[in-house]
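Each of the next two complexes has chain A plus one other chain: chain B in the first, chain C in the second.
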Partner chain A sequence: MATETEALVIGGGSTGCGIARDLALRGVDTTLVERGNLTHGTTGRMHGLLHSGGRYAVSDQESAAECIAESRVLREIASHCVEMTGGLFVQLPADDDEYFEEKLAGCRDCDIPAEVISGEEAREIEPYLTRDVERAIRVPDGAIDPFRLCVANAADAEEHGARIETHAEVTDVLVEDDQVKGVEIRHESGPGKRSHHEPGTTERIEADHVVNATGAWAGELGAMAGVDVEVRPSKGVMTVMNTRQVDTVVNRCRPKGDADIIVPHETACILGTTDVEVEDPDDYPEEQWEVDMMIDTLSELVPILGEARTIRSFWGVRPLYEPPDTGTTDPTDITRQFFLLDHADRDSLAGMTSIVGGKLTTYRLMAEQITDHVCEKLGVEGSCRTAEQPLPGSEDFSVLRDYMEEFGLRSPIGRRSTERLGSKADEVLKTDDPNPVVCTCEAVTRAELDHAIADAGTDLNATRIRTRASMGNCQGGFCAHRIAALLHPEYDEATTRTALDELYEERWKGQRHALWGEQLSQAMLNHALHATTMNRDRYPAASDDGIEYDRFDAGPPTPEAAADGGRRDDAHERADSREDDHGD
Partner chain B sequence: MSDAPTHDADEFEPVDVFETTEMDLRPGADDCYKCSTCDTSCPVAEVDDEFPGPKFQGPEQWRLKRKEDHEIDDSITSCSNCMRCDNACPSSVPLSQMHNTARGEYVENQRFGREALSALADGNPREALDIVREGQDGLVERLRNRILANYHTSAWLASFMPSVANFVMNFGPARWAMAKTMGVTSEREFPEFADHTFREWWAARGGAQVENPDKRIAYFHGCYSNFNTPEVGKAMVRVYEEFGYEVLVPPQKCSGTPMFANGMLGDARRHAETNVKNLAAAIENGAEIVASCTSCSMALGQEYPELFDLDGIEDVAAHTYEGVEYLRLHEDLEGALGEASVEGSEFAYHAPCHARNQGLDTQAVELFSDLDGVAIEDVGDSCSGISGTYGWKEEKYDYSMEIGEEMFEHMEHAAGETGMTECPTCAMQMEHGTGYEIRHPLELLEEALVAGS
Partner chain C sequence: MAIEDDVCVIGGGLAGMTAALRAAREGARVRLLSHKKSTLRHASGLVDILGYDDDELVANPFDALASLPESHPYRRVGGDAVRAGLSLFDDVTGDAYRGNHTDANALVATHGGTVKPTARYPTRVAPGLASQDRKTLLVGFDSLTAFDAPLAADHLAAAGVPGTTRGVTVGFPGDFRADSRVTRFARALDDDETVEIANGSMPVRRALARAVESHLGGAERVGFPAVLGEEESGAVREALESSLGVDVFEVPMGPPSLLGLGLEALFQEALDEAGVRRTTGNPVVEFDASDERIRSVSTDRNGRPTPFHADEFVLATGGLVGKGIDSDREEVVEPVFDCYVPHPDDRYEWFADEAFGDHPFARFGVTVDDDLRPLDADGRTEYDNLRAAGGVLGGVDFAAEKSGSGISLATGHAAGRAAGAATNQ
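This part shows the complex of A and B:
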């Protein structure tokens, strides 16, 4: 099977989705391929900070100025993905006065509104801050949902004629005569909307221009085309707290360092982060000390964190890049700027551009510059509209509604649903069918899930990132099966089960690093419920394969003896001797 | 500061995040692992399909809240504050504290006068009018709740002319009008006001008859023993004096129980200020605090420190006991009862939910089963259904009776034809459902132990 497209974007993170949208809005025939679901790589694995630019105000003023400008744009065009929490740079007694002043001056140089407040005022804003806080700088930081942002970009690209293929991994880049001609991909199922149990296919996509927006994986993709892309993947851990200990972004005001930021995100708080270079972005150790260190260090800033419940931790890989021969040894010193690598100029390989570095807050600006570049290559006229045109869901809407009257929902559920859906709330939530809450932790109703499933097929993780269902404190223990059940009868029982397993496993993955205290209780309860009701402990009698008795101990001497259920002296003796062996 | 992280448990405290309630209970949601045992133990959720249950009202709603988000779902007004969820929770989620706080916030949000005035002052008469118009929805219900919650005040007024009050309160046309205009059910008879209050009796007898600096208690009689059943208060005093205690009766107001249940935290706080001041003084004076009503002892012992930050409030909570509980702890009550006897009587005993929460649900049966002449039977662990003011509301009356059905049935099956309970409103419900006379355990103790009673 072979298809053609003008522009092919590889990578369904914020950059790739942003580029696909921009290209589609300018009328370019565009295809985007992503090997997992959208945000699968780095975008879905960040702390969700919408930078005011304050974090870069001393070290990288160019980035800082871009951040504040783009943050203002995103508040307008992506309002349903953004919560303007405000942010604080907090100075503790151990932190340097001089740096504080530099930070303040830097913010002002970059046109970032910044105001100094006393320790007492800071504690009025954030009562759980340590009593030791000296003073703070208040800046317009915010929180952004990278999942909704990407999904909205992809949806708008599709709306304007683009083709978006997830679970479609590039297996080869096609090069002829120093010219990239396209790629070969392998669809896990399909093509099209994902449906487990549908056989996978391969496809050859011929493209006039290929954009490598694979971030930390850009080196691997470059290698398929025979070019070197010197990306330096660097891992960082993020820990999700069960509730919001802070309602504004809290940064420690000191030069670079690990574990210096807390971002309130939806119902939770995300602690970040570390910065350690890794060889392979798909295979690196996730170590408990990283989590422990982060909670300990950030407890200096917000002591209650030491007592509070952690629901999971995850690691993300930054797509850091530095031009060859820069020779930086510490990854925290590598610039956060992005780089456009035109392989025609650089490697005499036409038809492909790589994009590396950068950060989520400026994804739109990056996409604009790359789209300009691609359009120039393709000879397409047309100007960028992404800074003015709201994303789907972010057209005019208000969260102040009478939820019971309009949607029949209790107010906190109606409010959370409306915040997530934005301008699509009426379309999705006004239903004549019963609309129970399926995920009670995050207040997600059946109508919202059905709407997401219509888009995501049987990929329940794709449904999860659209709705937040299963992302609360029970981590899917009480809702994963209820969500999966919504796939039926459109999808058969076996498909539904596979989809459930995949969601449940993904939820388990992050919890492995939070198994103490309350989350350990939660995990045990989840396991007990699922083991006893859905055979997650694989009780062999329920298995289709039959039981291999000889894999246990020798058992009673004859099969008849076992079947009659009666006592046998020799079996007895064996049981007795076993007890003795255990020494009790 | 030191280099070491400074997270000690002392810093974990509810703090002033939410303007109206001065409480941030989101960290309390950390303890919930969603097992839903609270929902299965909630008597209201069992009968009222519209009520989403304690898990939603408590940890879920708090976790979904944002700081600037003051809206509380109106379903909180359907919680009867029986507090069974507190007892059911295997993980110590502060459920009733969350409910009380949310209810307080809900009621606070409904006060529209201030907002309307400030809109007027800003030159927005239209907005002010809208605020008033919206606020009027439910105004009558709020007024009704305020009157029910402030039983102390009505009862105080009635105590000047109890017989007139008794007549008027249960006069058919008056009750019809109360049901129609205020939503107070006409199905129930108002409890009778006694012809004298406990405090009048106390003053008339010249206060304490025993002086003993080593054994002192301060009696928290609450409203009901004072205005309606002074015989319970008298029994309490006589039994304690029999054991050689000096009884103090400090000035006091309502414990706040009906106010918590109706979200009137402002009223409750004012009463609490008086109570805490006087009870703390009594503790200073060497007394322990003893209440005859299990909801009063619950309020002083648990809800006070959870909801208010007043000088001495922790002390008051730590020193509060229920009347029978205290004697069982400090005196050989079983020994004394072993030698006593009363004339044959059989009781159907119901443990109030609030007694259950304090671990007192078995004390009456354990204590009296060996008392000569007495047969006593527990009628089961269901809720009586009235939950203070809940069952007095027109729209809740049917639910209240449906919840009570199990208790009524068990009372009918029990051999005794007299009811027994520590809680005055449970007593109302028991009487209402069965027509039995209802006694307080302290009255039986008095009969058994105090000569000449």
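This part shows the complex of A and C:
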């Protein structure tokens, strides 16, 4: 038996969630399926730059103009996901004057506020910039939290009637008579209170129109429908620093190149990036030279990065696309524009549209254009409201006040919790129980984690993404077990144990690219705390062999026995007197 | 005037303190240099000799010593040195520790809900041993998130521990901040502070017993996280035991660990009694050597070097955690004397892919001869009068095999004895 929907969106990244929200707001019956959790693909693996458009002001002015317009929109509708840090394009002595002037003119052409400041002024804003700075262009770059953004879009879609199905991988696209009829999905064990289907079961979803919003994976999905989607996945590394060495987005002002941007993000900085085409977006090498290049090249711009502590690195794949026969060889030259592929026109296959290319900053605009297109196909009237309608959590600006006194939290925590939670802060943090900080690196309280777990269930990585818990210096060493304990008693000990192992392994994966100096020291400390103090590497409950408890010391012998040959009588005096107190 | 001693020990952790104490007992004039707080505040306070050998749980560590690989620090010093180190430990800790009545390991419940094999355990922990077939109640505090008692109890039950184990979470009585550190609870219990509770006020020990009382059921012993006092822990436990009418024990915790700090305090007391001169707060940054002997080391005091001369030196600066072994993107080094630390050139070969994999980094450290003298890359002694002890030694993943304290005691003892004896010659 099949389930039915009007529109089926495949892919739970920013684009897919944006489309689902837009469709739902226009009254279309919508289902979104995602093979992992939300943000599982590229959205959860980017540097979190809210583009002013400055980066594209020379090479791609259409993208640049879209970026500044959408940046303005997101500051309105998603204020709780955005930090307007400002940005600098910094010129060093080796960098070309002519390019600097082109960049400035380009920004102005695209309506991007841009101001030239001296090297001295730039160093007043960012004291760790190298002394060599010649001058800089100041632009309204910012940092955006892609996780919160994605979740907010999906939540709003759900509130407007959409079905959001995560951990549901498309195994087949159903095609009949040159018409896409829907998909078959396989459910995997989904965490939490969301109602998930039995793992391993399949479901047919019939849809009037299917949107392939799978980004770097669009080629694979297209192949299931028998069409070519020439997506060219390109990997890039992001290296996470332990603190905010800069508070402003710092770009190197030169034509193109790897390792030319530093984005402050919450309590950290992210260095980016490389741009290397890969065959398979699920399997590509994560290489040491990429991490070394981030540190070596960007320390030309901010010398302290050469000495600073790196806490982990991660990689993402860009969903680059160019029309067939363009033939660009260097992935950095491929346009960052997005493309709507109407397979009816293109491949004579009705009922499916693919969206490829593009970038997070313009996700809403892309979603709007796709939704216009889908609505036209479906014959649905109704205009887009996503540019005006705030996302959940963002609507009530008064909640961004300082909640310190009301919740009895110390100020940095109160402020940061309310920033993370937006207008939900009141509901989440108002608790009669003590609300201790569970993750001290990121100052995440138990109430906030409980709230996230209510949505994400046993998937602690999803809880991590919602709250940032375990994402600081210790990478879960001090807090992973505390976070996992919050699953109990709702979930049993075995489930809790598995969830902890998953979180701890995930944290380990990224640290492997930062294992020297301070972070190697931290890794050894984490190893000692988890393996020695807790003995978590040898959970007896996880092993098949039972322990023969009677082969082990059960305590010093009783005083009588000690008199018969125990080595130390004095040890038992207290045990002795105690027995008189209670004779049970 | 120059500072001159017979033996100079660098590093104030368990290995360094043991070496200093042992050398002093040889009659040597001993200096102990330590830079920062020791890593004992991270340590559980349990003293492990060997918990696992080739992934097998070890019931009697002394039986397993001989089968360890040749490169293992225990093989360097031999089984007698392990016993001698433990004996010194027993002497220092006296009534504060248990476990010397047997060679067998004890299994102690951890705050993560597993059981851990260990050779010596604080008296505060003793009534909680997992091998005792007793009805157990674990008590956690709702603001102390590192110990979830009901979860730990379920883990232990799943591990098949004898007897029954239940867990309950209560509020720590009184109006403490949600983020109070464990030392705040400990101090309140030390001083038996008066706290406000629902209907009036009472001393906190009594209030805590009252909060637990109704959960007792038929429990024969009650376990708390290890926060039951710093200075007055014996009195705190006795008060709780007499109010509750059952045995009370503590579950070792992570940092800041009161049990680890308590162990450090016992050793420091012994050091003072033995006349060891302790100089703390400044790192050793350089040394002077001639004729293959270290002549002096210098600490950096606000940019001014202070030299310490001695006949014999012991390097006990710890491993990666304590920065006795350090690294950058290119290499792994021993930063004080630049002793040779074997490691792969490619830093991507320093780790295993799984979090609890067989990590090469966990084995980083200096290599030594049978007299614990560090060796260079060609297997030659680095300096005639330099010995190494504790975490700075390589070739062992102490976390995986649960042997950290034992190695510190055994090698600290051996290095201290040899250094002390050398100065007598």
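The rule we apply is simple: the second predicted complex is superposed on the first by the 515 of 584 C-alpha atoms of A that agree within 3 Å, B and C clash if a C-alpha of one lies under 4 Å from a C-alpha of the other, contacts with A are read in each partner's own complex, and residues count from 1 in each chain.
As a working rule, contacts are C-beta pairs under 8 Å (C-beta built on N, C-alpha and C of every residue); 3 or more make two chains touch, one makes a residue touch a chain.
Fair warning: this is a prediction, and the values are worked out from it, not measured in the lab.
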| item | value |
| --- | --- |
| First, second, both or neither for A:Phe478, with chain B first and chain C second | both |
| Chain B versus chain C as contact partner of A:Thr267, first or second or both or neither | first |
| Contacts of A:His160 with chain B and chain C, given as first, second, both or neither | neither |
| Contacts of A:Pro434 with chain B and chain C, given as first, second, both or neither | second |
| First (chain B), second (chain C), both or neither touched by A:Lys377 | neither |
| First (chain B), second (chain C), both or neither touched by A:Pro93 | first |
| First (chain B), second (chain C), both or neither touched by A:Ala531 | second |
| Of chain C and chain B, partner touching more chain A residues | C |
| Touching partner for A:Ser521 - first (chain B), second (chain C), both, neither | both |
| Chain A residues contacted in one complex by chain B, in the other by chain C | 410, 478, 521, 525 |
| Residue ranges of chain A touching chain C (in the complex, touch as defined) | 288, 292, 295, 408, 410, 433-438, 446, 478, 481-482, 485, 488-489, 492-494, 496-497, 504-505, 507-508, 512, 515-517, 520-521, 523-525, 527-541, 546-557, 562, 566-568, 570-571, 574, 578, 581-582, 584 |
| Interfacial residue positions of chain B with respect to chain A in the complex | 1, 3, 5-9, 11-12, 15-17, 24, 26-27, 29-35, 52, 55-56, 60-69, 71-75, 91 |
| Chain A to chain B touching residues, read off their complex | 92-94, 127-128, 130-132, 242-245, 247, 267, 296-297, 299-300, 303-309, 404, 410-413, 415-416, 440-443, 472-474, 477-478, 518, 521-522, 525 |
| List of chain C residues in touch with chain A within their complex | 42-44, 48, 51-52, 57, 59, 94-95, 98-102, 104-107, 110-117, 123, 126-127, 129-132, 142-146, 148, 150-151, 154-155, 157-162, 171, 178-179, 220, 234, 238, 241-242, 245-247, 252-255, 257, 319-321, 323, 326-329, 346-348, 350-351, 353-356, 359, 361-362, 398-400, 402, 404 |
